[in-house]
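Should a chain be cited, it is by its letter among A, B, C, D and E, assigned in written order, with residues numbered from 1 in that chain.
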């Protein structure tokens, strides 16, 4: 999946909260659950630390998909962080959708520290979606002078 | 105030008194009950199946034909069916779409009608304290029990008529008319009318329980808002018996318009 | 569970909107049912039997017609299960079957005396025949 | 206009206020721009009329630091912006004397302003006195307000992309939208701050304008009163307010009706939450993909 | 440019099996800033750590990247290594090339490529790292216990016995709580007062404990180790120091219409009263709603008979300001009002009572002096029906009660049934139950004794209706085992009502920013491993405030909470996490948005003179209290100007990582 005939492989940034999702990713690793190497994880203390700037920056620098993972609602280590993140990301992704950016390039998923399998499954799904969408041209091109 | 009024088929026939006295009392209280120009049977029973659209259509028609903001009902059964159908209309998009497709109305029903029972009108719009002031013949000394039955109270979330387990609206009504309300535990249980034709014995059991409970508590007469309860409490009484009246008759009596 | 039973079970659950798995088997419904003694199967049994696919057994019982429809079990159920809705749905399902009518129009008219209110006759028409 | 001017003069005269923030007449009838008047003589140039579209709230942020009270004239929709600034402690209530001025809809050379076509009503969210003699002849356009947003939502993603590509490609990064926006009151904008990592003076990549407009909309989300100034001042005529309105529409639909500038300094939709909020996936279930 | 060293770990074959570690360390040598790069079999081993320390010295490294297993595993190890070698421990970054690389990929080339990217990202981040110092904050060595029931008393005693001062704030005029109202305790049938009152006395006599009764906590500010509480001590119109508790005033008081709260309002008490004989403090209180003197100015009888001169009609509420290092929530419970289940007739029938009311009816100090008489006509009940799970285990959609099991009802119902059968063998006792839940030491044996030895009639089923008929209560219910409906003509019906948190809990939770569940029970920091701590640092949970519990569990938890408090108060200073938010006052707009999203109340605003290039003015700016901030970062995203940043995870650090991954 991750090595294509054209040589293009998607670049995918995954922001994972330290307490649940990053631990979930570690668990996927200790369970030797495979997912594509295109996914690179950035550790943040909480999903509420993810600034829209980071996401746009990633797209600007050539990312093809960005996924944010946090604790399940109600389980946030900081009690309310993921609730804020949920609203923020809903708004940001809705706006990107409104600007005509493919919906499949952004995603939010709640992954607990116990859900290694869910983490791997989510990443496999997400990579596949981004793969079918192909290279992210729109976000880079939206202002391209005609 | 003008209210649309849905009498229902039974009030045009076997339960004429319920209707008659209601109109007389309403007039005495300055309430205008404007009968819907067109109405059919309410559907008689609220359907047991959520996919049963047809049984609720005539209730929807009545709601569509309502001109005023509030649709007043008198019969517990009609009230039950209309209020629940109206509730479904607001809550259940599938029902709304399918019923609209069936009826093809010129103007779609917007769900804005409020279905109110005449008792609710007395409580919420007139107020029992005000009602008390209008009483001409106080029913002093009479010990009257209210039989609520099931249709007015349940399901309580939809009907939101009164506390389903400890209702007081009819007791307050009786008190306003000058009589002594007698509360008894079985006033909110079922009279059994729906099985009266299938199995009279079942119906008799329910009636006996209710009457026994009422008599034990000291009731000397009963009032009801339901033609089914009326029929059953009278016709299927076995051991205990009590005179039963529609609440409107009692009201007309107290307002001095019974003979009019 | 065979195909037919599965279909019936799913239909009953769909049209009644009841989720029998919410039941904690406390027996409140049967404790509150006013017509308990007349019914062959009791409210709590309806919930458990539908969950176990014993639909035909329930449909062939007099119990579906002896439910008073008073909703006491619906109102008082602590688990929001509403057994009474199951009974009603089963009666409906029975009507929808071929030859499912419990009583014909003439039978109903014959049962009624002159004092029976119209509402009750209409209710019987609705409940006993298609 | 006469009443307002007379009242302003008397407040200046009796020393209640030190200066007046209003509008002055420019070259032609449509040229009516924000101005500061400090004495009776200067007040000669004062105008208020159907071309006083500019929202003066933003100027209050700076003016609030001046000595003595400033008289500011605010139209109903402007008061929302002012009140929002109060919530954010960007202005001090005591530093201003507010005349709420009745508004019959504002125009420019192209006719009625877009923001007035979707008028939010005649109520004043904050004022010291109201001078409102004329009846508002505009219908409040809340129902129509989202019409264009809905039109865009109903397009396909490709069409939307083409639309915005067409619009945003005209952006020249003049910052007029930012400078006029009463919600953009940062002492230093992230895009001007070398430490932020996103600073840019001249566009380096094609992406930067998009990033600017997306982030700007996001930063004012929940604080934007939909005053429409961004679109009004855009020299390229980019309908920037449609970006803000989309966010407003989403927030209203998902988190309950909210109007920035109303209420009692409550949290905005993005600084509050409920446990039952919709999951981000909800955007995939709506409209065209 | 800082000098960075990179250390690639093989982890035996765990990493080296799928990642060409040599290639990674070679590739890293070309990265700007990297002055040293190597690889080794086990970086976490003593030899590996020495290798790191040596390199730090030799190459004068400013920071290190260890490409190894998850930072959750060995970040601390390598931070200590760095620190020992003289490097700031926060100048260490870990590239997770095991769990998030070698273990999930099979292709070595691919794994190697990814490992290089991850290591580069770590270097990119590290280039923006700043040395961080963990701060410290002092600890006030005093503990506040909110609630003076058995939970609060036990916690207070344990903390006091360890040598620390404790204040108990109790809203009622006496400590003792619910346990003081109980007659006997299961499964031993000890007299509740006999085991509780000595503890109450012990608390009163302990010189480290201060009991502040008839009071409530009104405001709490501060953070772990440094709380400041405002306590309102309500006017009791009695000088506590003078009152001797002789109770003469109670006998003389002409107003006798106050409802006796201690006896569940089943009888009246005077306007001036001592809740019960063993009350602590044993001091009277005047109920201003009932006192004739306070209402009309006449009377004053109590003042005349009080030889101690303790009555003071002019007394006012008093506000106390106290400082604490730790706060224990022990707010307890009350029985739920069974009105939503009115088919059981509680509202209409005096002889339908709750179990706590029965406790009082059976207690020698209760309204019937311990003889079991039913409230309506004071006759001996001969037929008693108990109904369990009243208002417990209800679906949320029903509005009929609580979704949880109240845990204690099965056992106290068995206790009641047993005690009644023991004392009045001619009385029949029936218990309607759904399940009998007896998980506890000697619990099931106790329940079986009620059935086997005392002949209590347990009926599996529920009651649908309780209807008065004459002087009987007709109880109709299901008997599921016998497949029948039963009707019992009872004299007394006892409802085992659900317990719910005391209504004061919600506002206290808000005040403390201690999270609560939807039922208003306090949530614990970790359901399994930190059950007596709130997620909010410095707040501890004791007793039913956290969830339904019986007495021994409450006492155990109370002591556990105490041990956590002692662990905290024993420290002179607390080390704080240095990865906290920091506001750049030159950029701060003073808009308060960050303050609103902070779950810990760590952000405050103040007017301060701000100085910078070309700036010197007083501005309203945010200030983060580093001792309170937990470092979630919620504030950083809500800040439009980017003034708020999070140390250790700054905007620049994260964006550097993004860039490194994408380019």
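Quick note on the criterion: a residue touches a chain if its C-beta (ideal position, glycine included) is under 8 Å from a C-beta of that chain, and two chains touch if they have at least 3 such contacts.
Fair warning: this is a prediction, and the values are worked out from it, not measured in the lab.
A summary of chain positions shows that the Cα centroid lying nearest the centre of all protein Cα atoms is that of chain E.
Relative to chain A, the most remote chain by averaged C-alpha coordinates is B.
Farthest from chain C in terms of Cα centroid separation is D. With A-D and C-E as the two chain pairs, more C-beta contacts join A-D. Separating the CA-averaged centres of chain B and chain D is a span of 55 Å. Averaged C-alpha coordinates give centres for chain A and chain E that are 35 Å from one another. Annotation: 59 Å between the Cα-based centres of chain A and chain B. Per-chain Cα centroids separate chain B from chain C by 24 Å.
Residue positions of chain C with contacts to 2 or more other chains are 37, 72. Within chain D, residues 190, 196-198, 270-271 each touch two or more of the remaining chains.
Shared interface positions of chain E, defined as residues touching 2 or more other chains, are 341, 343, 465, 597, 638, 651, 655. Pairwise, the chains that make contact are A-D, A-E, B-C, B-E, C-E, D-E. Residues of chain B that touch chain E in their complex: 157, 163, 165-166, 183-186, 189, 212-213, 216-217.
By the touch criterion stated above, chain E contacts chain A in their complex at residues 70-72, 96, 98-101, 103-107, 110-111, 113-114, 117-118, 121, 515, 535, 579, 597, 599, 630-634, 636-638, 646, 649, 651, 654-655, 657-659, 661-663. By the touch criterion given at the top, residues 152-153, 157-165, 168-169, 171, 190, 196-198, 205-211, 214-215, 217-218, 221, 243, 246-247, 250-251, 254-255, 269-271, 273-275, 277-284, 289 of chain D touch chain A in their complex. On chain B, the positions that touch chain C within their shared complex are 8-10, 13-15, 41, 43-45, 47-52, 55, 75, 77-78, 150, 153-156, 164, 189-190, 192-199, 201-202, 205-206, 209, 227-228, 230-231, 235. Those residues of chain E that touch chain B in the shared complex are 339, 341-343, 345, 347-348, 399, 465-470, 474.
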